[in-house]
């Protein structure tokens, strides 16, 4: 286990999380959230939790993002904060 | 003008031959993989839930690549709901069946009285059964979530 | 100082999860946009999942999928395999989280249909009239 | 005292409670409904009277309904004190039922079914209070009584009734929840039981005098039905009710339930000895004396006949509490006895007020000039009643007042005697003008000629109760004996 | 195998029937009522046997899947859990009688969806009271939440907004609970409540245990709408469809309070929860007192029956939380008894509200004039429920309040005692205001408010029947509270109380 | 409002951080979580259920009750979405 990569991913995860909640365009925020999920999934795979990683990859980065996008397209992309 | 609008409505916007073909080729493999993940959950990562999501994703992909109507025609809404119900029913039914067969709730080895094949083997098989149930339910619900959320609940116009 | 650095090395994973959790929590209660709140909720839940998964990690251990015959004949040393229990729990938690997300999105759609906006303060203004 | 287990106390309570059902059922047949009412009233008198001999012989009955709280069951018990009150209430209910029929029919009131049903529940609760074996049971029936009288007070369902009903509930329910309930809980916490035991249950608890004083004050004001000032305001307000309600409930049942509860607390929760030891009798007598004097003075200024009677009631109620507060045998007997004597007197007065209203539609004393000549029986009865209240011989009121006065002397607090005498004088001052106006002043000009006595159903009960007040002077033995047995076990 | 599966059938019946309601109900409406009522009736009857068994044999440990306790999921059926099972099934059964016609009117075409969610919610609540596993509790908590979100969002008006608000708050609560469980898992390595309880005292880290405790309790506080965290409840419960509110309002908060009881006594020890942090204990009791007073005052400001009732629910939560944290026998007895009583009281009032809504089409105070003449039986039951809320003997509400106040006196928490009495008074005002409106107003001189109300028909007999049964039960429970306390609740109190 | 949220977040985070002080070091094989329950699963699960993927074994059998409700949760989510979104006909 190379803790450099570990730390890098963790840092990226935090950056993605902050970006997700600060970006005003909801569609972008959702996509970044997908990235966040995917990074999370990497992290867990690296920690040995393959099943969880698998699930997160299919659900968090996949279906969840699509659902978000579907909703946003039916509502509005705009966010004041 | 009106005719033009009609025509725009009928020519499926946002579709290209490449995407359609790619999806047409990919979907069966994705579904196969989904089934593999469900069935092979005992020996590799995955299981009912992940496989179910993948199966569902294949239908979602149809909905994304083609249009809404096509995905609805591939999987009837009614069938979908019945499948989801059957999945949940399979799980709870097995659980109850274990209790009715004289064991405890969800004690798969009690099913040995039904078909004798060894209590431990039954545990393995019981897990398989419920995984299939989970897979069915999850697939159906994922598709249903997609349909409803991406069409705003009307099931006519999708993404 | 030495102690502090060892503490950092030993615990930084936990700290990252606390930071993520704070980000999510803040979005849930501080943001006005309903979708943002929901994204915050998802971040919150992933943070918790991260915590659980971290709890199952063992240095130098392998994934919890074994060789059936090997194990049945020779047995296995528990320290070689990561702790599978948190994984199981978190599978459930992920499912729960996606279910809630689904329901919340449906509710958001209805809210938009009714009020034409997703900003909390604008909705409140509309209600006030 | 040996109590024998028996279902009859429960029957005494239930007979009218269950009686409410046939009354409600026969809504469309007034005659049937009124027959039910009378039948139930008669049955109640019979049941209560049938328990009397045993009690007079020093026995008693007990019946446990449910075991609700450790050491505190919901239990009925018939002892001398309860018997005393139950007897008064059940006899007078019979007369009131008769009177109600006449009154309600003459005025053609609406909602008579509800009226009779509520009345039946109310009398049930009254008997329940009388036969309660412990404070919890008493509280239970006390609350039932408060709630069941609400429809009676607000019978007219107009704005004034609404206002009075609100006031009524605020005072009665408010005090019972805010004051009596905590007091009861404190008692339970200190004593571990709530059983009425002669000699009291708090004596053994070793509570400090301050705590005891607090509990006592909470009880005194908590049972606001007794009308101790400053929690008396509901009684004049409740006079908007039809007169039979005022006469029976606010002359007898409701107010006496309040007094009875306080007497129970003094006799059987604290015990006179404990009160004497920590010198808390003074608290009771002070509050009671103030109420007596102030209420009598206010009564002088009232022009509405029923309101004057209401203030008079407030004053008279405090006599009973005053008697108990003297903590002497004679005083306590007098207090208890006054329940009966005042009941017979006051109900007569209210009946007369009602009869006047039925016959003439008049409510105010200033309009009643010269009525005595046209309604001689009513006015004579009124005369008897007021004499009894004032305490003149040969009327029942004299006996209780005499006993009270003896008690005051025994206790050495001569100021109390002064209070009694002053108040009697004030009583005379606010009653005699009415009679004087009735008999000796000429009727006002423009008075319609056709005024005559109220219907027979009104007239009969009031004559009987008036005669009873007279008779009680000569044959007070049953009540006297019961009162004595209650005070000296 | 000596252990019985009875309690599992209690829970499984609504669960399985829920799936069938969805399958068959979409074909024809006629399947729904028999399936729903049948399963709940079965549950109620079975729950009686479970309770009898539990009283006879004492606490029973049941392992799902026949794995010995720390490895498999353990269920605990003690008298209290059995009592809660019975309570839930009976309340649900009675509520369903009112829910069926209401839903038929409000959500025609969606009944199968409604009742599927409804039955799963009931099954989830039943699972909650039995579980002995901390993580299983989380999953079940989420089941109940997610069904509730759905049910509430089906309502009219601003229901969706309330539902979203509830989703956010509920998720925060559940996440906090999960965080607490995570901490405990990291410290002890187990999820079984009994196992945690044995291993927790050996754990070195005091800070982590305290954090875990704080998050578990705060999470549950959010879920039960305890005072500063109550903001979501009034809207959520008053905007919910009446059919759902009738069942959710009596059960949800009560079950959560029961869970708090379980967490305190099964995971932690009373010694840890109450005595090591006396400041926290005082703080919570103060919060309970403030909660009671504030919620009562808020209720006073409402002009709609259902909103008023929701605020009363918050006040009642204060009663029970305070009672548990008083940490003495009387307080605990009172709190547990009040869980039972309050569920029935709230049920009675909500059933009455549902019946009135069905008939009149509105619950605004101005529209309730003269109800005593129009619906005497309903108002009679309502009055009994109101008396119970106020605490008039011999209705049930009086007796639990009795124990609670005694507990407060014993513990010397006078603020709590004062709050209880104050709230009784406020309740008296609240309900008598209503009773006055319903008793007096003759409806015809409406002051401009008299709009056209939806067409009304008299409520079906089973709706009124369940209401009357509830009202009578209130009195029976009141008279039988001695037996209830001695026979069940005394057995349920943890050791040392 | 934002300030309040921020403060609440900080307080929550601080408490959580305070709690992590007592945690075992990250990846410690001797941590309580790694030595108590999970060893049983790792060592016995295959023999007891004949499933080599321990996660599946625990998910499907040891904690099958959880998983059953997990399925119900997602089932409910689907139903809830349908019931919330569909306009009633």
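A, B, C, D, E and F label the chains in the order they appear, each numbered from 1.
The criterion applied here is as follows: a contact is a pair of C-beta atoms (placed from the backbone, for glycine too) under 8 Å apart; a residue touches a chain by one contact, two chains touch by 3 or more.
These numbers were taken from a predicted model, which means no experiment stands behind them.
Enquirer: Which neighbours does subunit E have in common with subunit F?
Expert: Common neighbours, subunit E/subunit F: B, C.
Enquirer: Taking each chain's centre as the mean of its C-alpha atoms, which one ends up farthest from the centre of subunit B?
Expert: D
Enquirer: A-B versus B-C: which has more C-beta pairs touching?
Expert: So, comparing the two chain pairs, more contacts are at A-B.
Enquirer: Which chain, with its centre taken as the mean C-alpha position, is closest to the global C-alpha centre?
Expert: Centre-most chain by C-alpha means: E.
Enquirer: Can you work out the whole-Å distance between the CA centroids of subunit D and subunit E?
Expert: Using C-alpha averages as centres, the distance is 43 Å.
Enquirer: Please work out the Cα centroid separation of subunit C and subunit F, and write it as a whole number of Å.
Expert: Roughly 9 Å, centre to centre.
Enquirer: Where the centres are mean C-alpha positions, what is the separation of subunit B from subunit E, in Å?
Expert: 36
Enquirer: Distance from the CA centroid of subunit B to that of subunit F, rounded to the nearest Å?
Expert: Each chain's C-alpha centroid was found; their separation is 23 Å.
Enquirer: Quick one: which residues in subunit E touch 2 or more of the other chains?
Expert: Only 15, 22, 64-65, 135, 139, 142, 146, 149-150, 153, 160, 163, 179, 185-186, 191 qualify.
Enquirer: What positions in subunit D touch 2 or more of the other chains?
Expert: Residues: none.
Enquirer: At which residue positions does subunit A touch at least two other chains?
Expert: In subunit A, 1, 50-51, 55, 59, 63, 67, 70-71, 74 touch at least two other chains.
Enquirer: Subunit B touches which residues of subunit F in the complex?
Expert: Per the stated touch rule, the residues are 47-53, 55-57, 59-61, 64-65, 67-68, 70-72, 74-75, 77-78, 81-82, 84-87.
Enquirer: Quick check on the complex: what are the subunit B residues that touch subunit E?
Expert: Touch list, subunit B to subunit E: 81-82, 85, 88-89, 92-93, 95-96, 99, 102-110.
Enquirer: For a test of understanding, state which residues of subunit B touch subunit F in their complex under the given definition.
Expert: The touching residues are 41-45, 47, 49, 84, 87-88, 91-92, 95, 105-106, 108, 120-121, 123-124, 126-127, 130-131, 133-134, 137-138, 140-141, 144-145, 148-149, 152-154.
Enquirer: In their shared complex, at which residues does subunit C touch subunit F?
Expert: Result: residues 10-15, 18-19, 21-22, 25-26, 29-30, 54-59, 61, 64-68, 71-72, 75-76, 78-79, 81, 83-89, 91-92, 95-96, 98-100, 102-103, 105-107, 109-110 of subunit C touch subunit F.
Enquirer: Hey, which residues of subunit E end up touching subunit B in the complex?
Expert: Those in contact with subunit B are residues 1, 3, 5, 8-9, 12, 15-16, 19, 22-23, 26, 62-66.
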